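To keep things simple, chains are lettered A, B, C, D, E and F as they appear, and every chain counts its residues starting from 1.
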Amino acid sequence: MRVHVVTPITTHGFTKAAHFASIARSDTEVGHSELDVGPASIESEFDEAIALPDTIAKILEAERGGADAVVIDCMGDPGMGAGREVTSIPVLGPAHTSMHVAALLAHSFSVVTVLDSVIPMLEDLATKYGLDGKLASVRSVDIPVLELEDEGRMMDALEEESIKAIEEDGAHAIVFGCTGMRGCADALRERLEARGYEGIPVIDPVVTAFKIAEALVDLGLAPSSRTYARPRDKATPGYDLAFERATA
Amino acid sequence: MRVHVVTPITTHGFTKAAHFASIARSDTEVGHSELDVGPASIESEFDEAIALPDTIAKILEAERGGADAVVIDCMGDPGMGAGREVTSIPVLGPAHTSMHVAALLAHSFSVVTVLDSVIPMLEDLATKYGLDGKLASVRSVDIPVLELEDEGRMMDALEEESIKAIEEDGAHAIVFGCTGMRGCADALRERLEARGYEGIPVIDPVVTAFKIAEALVDLGLAPSSRTYARPRDKATPGYDLAFERATA
Amino acid sequence: MRVHVVTPITTHGFTKAAHFASIARSDTEVGHSELDVGPASIESEFDEAIALPDTIAKILEAERGGADAVVIDCMGDPGMGAGREVTSIPVLGPAHTSMHVAALLAHSFSVVTVLDSVIPMLEDLATKYGLDGKLASVRSVDIPVLELEDEGRMMDALEEESIKAIEEDGAHAIVFGCTGMRGCADALRERLEARGYEGIPVIDPVVTAFKIAEALVDLGLAPSSRTYARPRDKATPGYDLAFERATA
Amino acid sequence: MRVHVVTPITTHGFTKAAHFASIARSDTEVGHSELDVGPASIESEFDEAIALPDTIAKILEAERGGADAVVIDCMGDPGMGAGREVTSIPVLGPAHTSMHVAALLAHSFSVVTVLDSVIPMLEDLATKYGLDGKLASVRSVDIPVLELEDEGRMMDALEEESIKAIEEDGAHAIVFGCTGMRGCADALRERLEARGYEGIPVIDPVVTAFKIAEALVDLGLAPSSRTYARPRDKATPGYDLAFERATA
Amino acid sequence: MRVHVVTPITTHGFTKAAHFASIARSDTEVGHSELDVGPASIESEFDEAIALPDTIAKILEAERGGADAVVIDCMGDPGMGAGREVTSIPVLGPAHTSMHVAALLAHSFSVVTVLDSVIPMLEDLATKYGLDGKLASVRSVDIPVLELEDEGRMMDALEEESIKAIEEDGAHAIVFGCTGMRGCADALRERLEARGYEGIPVIDPVVTAFKIAEALVDLGLAPSSRTYARPRDKATPGYDLAFERATA
Amino acid sequence: MRVHVVTPITTHGFTKAAHFASIARSDTEVGHSELDVGPASIESEFDEAIALPDTIAKILEAERGGADAVVIDCMGDPGMGAGREVTSIPVLGPAHTSMHVAALLAHSFSVVTVLDSVIPMLEDLATKYGLDGKLASVRSVDIPVLELEDEGRMMDALEEESIKAIEEDGAHAIVFGCTGMRGCADALRERLEARGYEGIPVIDPVVTAFKIAEALVDLGLAPSSRTYARPRDKATPGYDLAFERATA
């Protein structure tokens, strides 16, 4: 099985295929690509908008290269709908997948994200996905995406905001609100336990989407073509080469 | 006052500034632009995605050129959020505006759009805008955007679907589901009256957004910067020239 | 164009046509009337109930006098439904209109009103209008309507409650919860900016309803006769003279 | 115990205290009053508006006369909120009470009312009462209130619409949508059984409200003064005599 | 009339028929039973699960013994659905009934229960019953069911949590969240009044359900057989004797 | 990895571990158990109630036997909550899991189940799980569980109801409403394609829950202990042996 991860930003090296090696099943091959054209990071609707065309190109390229499923490595789920329209395989967004998995495990969940500016976007996604009734809150650590590498600062802030989410907002599970927090779920769980909060699921969205992708491929399930109809063929000046034959 | 209309497709001549002349106030100057890069028409999330970057560029250009408000000429409201982030003026989407105006006039409304493929997108917008409780249904005339110029066929289908919306779905008002239907509200209202359906508001979204834009400019109101924060400055390979200084 | 404002209380001079002169378009003539029979101010369902008959009479009188639209000058929107049933022109309530305009500009909004006693009524209106999902909170300044003329006290309280709405309730826009706060939007916006809250729309409901009324008249739109059917003709002892021929 | 019924219309004899004799407990005394000023029947928001002042006066009069609870005899629940504000006893609306009782007995319910024109009003009440999720539909028999006395025609129409509600809308219980249908629940239940629909609760709203009023009096429960605060004392030109001392 | 109370726990003497004597109408005979098999108290889904079979057996036994209605004496409403399926009489749950009665009296209500562990269960019930929109909060006094007999400790905690519910969560009425708090409504109401919170309904669920049961029996109403169809006859190893002929 | 399936009925052989062999990963060991005490099949709340105690016993037994996750083989998800309270591993219900997976793949889904009598139960589950907004409908094939083995009749009915769900209810995906339909997803998909309905996901709930269980075990995720607190230790007459030490 081949699962391909598209990191929809132009900052190379932010994510690596190796990050998924330990979580992938032994029979799963991990693919990975980053954008050539687009934003250095995604923290606004503007950033997301200019990430879309090349993200879709990379999703298409992944399917043409033999991928059985694609995971988009950004909590805005950029290109998930369009990517599903132009392919026949599961294209998973980490916000979509992780919110559903959180709702499978807990009565309510909070998302802890990077900046206040993305809170409305994540709340809108929860509403669109029909899960606003399970969303306790969206909180932010107030750290830009590209500064998340200062892991000590990030973990301290994640711990504080997670505890506020539990105590003040009634969260029963925590979902990371940026795929740049990847790999920190165990550390946060341990910190929460040390503070007396045991048994709180901490959900790492992109890793979760990766594992659910494997399950969907095994099940032979793909997105509905009623929801994601193949786009009609038409002129697309400025994009013709990139998207040749993506449409019906 | 200067209100600028951005038609976010690359099919030139589909909409003209002249289309807004009769509805604009005598002291309103109408601006208009179309895309250089993007889809011939918008009928899918894919089409919308590749329309976004140049739509945002045209919105920015309009503000820099002195526009007091921008109206996006497509029922998917492409670029409305991003356009609001990078400007300080009202940027209105016709779906957003017309659904709210429909809810101001009627207990429930239906949207009659072009193709089945855009129904989920319009339902998602109604949900995102918080108006799904007022949405009786979304129906389609099954005519692609670029074939709407066959006005007889379109009017016949609009009439039939509008009556089904009223009779079967309980609609108390009709909203056009594609800005390409612009200018046909009076004709549909007359047809409905001739069939015994008097007093049903028929809402022409882009024209409605244009008039609401004028009102908002007079009121000195603009989108909230809490919802639409200015994007942080960062590298955007492939777009640097187009969006120079759009971010904070 | 003639837009008529009905102030549905018997305290004369509380509102004057002159208050709308600066906001009205140059070609808009402002009409105004107050009640002969009814409450001195509206702060309860009881007050609203006894305001209704004469409010409807004044709406009818306005249409018969040539008004193209009527704006009701009270945040309870008293008589909006009945007024729409007995006329053929737009009859706008400030709560209805301003909540929709707030939702056009922001992810969420709070209403800051006069007294705790009207909070359930305003929450019920938001629910009826389908906008409870966008309502962050309703807060009160704890000042009765007829004491709002002490503008210093009112502005101080508006500032404090607005900041609580933003900080504690997540409001992205502020809507005045009493039309007696008319004219104070700029002052509140400046105070909020001085406290570090820039770009928060402050919506003055009756003025907003006035401008939206102008736009609807231009658009040729009126309330749906499916939602607001003309009342059947019947005996109405005690009211016959006032409402002669209002019904079908 | 004294339970007082206010029939909020000026058509005298439409309802009689005797109608409640068989359902009242042996220790319950039934009071009854009708309006002096107001509409002959209630079939619109206009009718309801002009019924309000005298309805409230009659509710007040009932409490002053020693009533332990008041039941309003109209499915629009006119004056329920205001009546609760000016008294200290349970004031029950039949729509409010019967919708809650329907939800106590069934997964979903439909209301079958008199005319299409009141459908939006009843849907709005269900929404305000928080029960729209249990409301399968509101249907009408298309018979004006004052023609309901033609019981054969009414029963035939009630039977047909109830079966459509069950079959097409998924109703598990039927609620009468006009208090003028009072006394016909058993007959409808028998007709439904004869058509193969056994075990469908048929709820007679005003009779149900009467019995729930008795239970609430026994329980010592009355409406919350947080929801229904006593109105502040103020001038009410044209109403002073009627409402003397109703306010705080 | 015979109303039977089933206390679905094996701790005998926790509830007695005598507890209902003062509230029952003079013509109502009170029946009572407790479990032989099941948990000592109900504070989890596990406790509830093992209470179900014998609770249903006791409901069946009550109907066979001539009861006109059954009230289940636990806020989890265990066996309400199954009990309705296997009988033809009203089987009332105290959570179901009291939440509806709270919504009849107030704009919003809070439930104050025993332990944090049952909060999700009560929130789920409010959602299932369609009343989540009226639920301000569920709070707990942090006292296990079988320690509620320390009435001083319980009353102090009830008072504190009720005031928090009013002040912080916006509750307009209080519902006891455990039937073990039975009989304390007057005391809590007095304590709240002494703290300045007048006119707040305090609802005692099992007593309320008892009185609503009497009203429903008088009205001849029973649960819908569309919602609660008679179970099909089938083998039930381990339960055959207990449930003989309960199914169709 | 060891995933254990509990078939919560006493009809032995209805489900076999072998049914999961083809879908399990090569490194997954499948366990299976059936009830000793309980109903022959589950088609009502009554059936479900008497299935609960032994289902929980079998879940406990599975964890004690080394299972890493448990899947309950019934669309009512009986014992899911209680099973999660008494164990520390993922306990998955097929309704819960498959509705979330359906929402991951499609804008809307319908459940096609066995009998009308279980429709309210499945609608209630969708509401409890927060997914009612994505549920297009629940339909039934009108075949009792134990007659599903007549596969021709079942497939014909599944095909017809699925097409009605798509055409009349707007379903974009189909979920089997009984785990007894296990193994028929491919056949239904082929039949739908033959009728012109391509690209409609057909979701086999128990198989889907099995695969999601594997993914959750890999991710190290388990249900939240805030939602599913360990039950307090107490007397449970009649059950002591079975549940020894299940509680805290």
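Basically, a residue touches a chain if its C-beta (ideal position, glycine included) is under 8 Å from a C-beta of that chain, and two chains touch if they have at least 3 such contacts.
Since this is a predicted model, take the numbers as computed values, not measurements.
Comparing the centres of all chains, each the average of its CA atoms, the largest separation from subunit C belongs to F. By residue number, over half of the contacts seen at B-C repeat in one listed pair from E-F, D-E or A-B, namely D-E.
Annotation: 29 Å between the Cα-based centres of subunit C and subunit D.
Each chain gets a centre from the mean of its Cα atoms; for subunit D and subunit F, those two points are 44 Å apart. Across the assembly, subunit D contributes residues 107, 120, 124, 127, 133, 172, 226-227 that each touch 2 or more other chains. Those residues of subunit E that touch subunit D in the complex are listed here as 23, 25, 90, 92, 96-97, 100-101, 103-108, 129-131, 133-134, 166, 172-173, 186, 198-201, 203-204, 207-208, 211-212, 214-216, 218-227. Contacts from subunit A toward subunit B in the complex involve residues 10-11, 35-41, 43-50, 52-54, 56, 79, 81-82, 85-86, 116-117, 120, 124, 127-128, 144, 146, 226-229, 231-232, 234-239, 243, 246-247.
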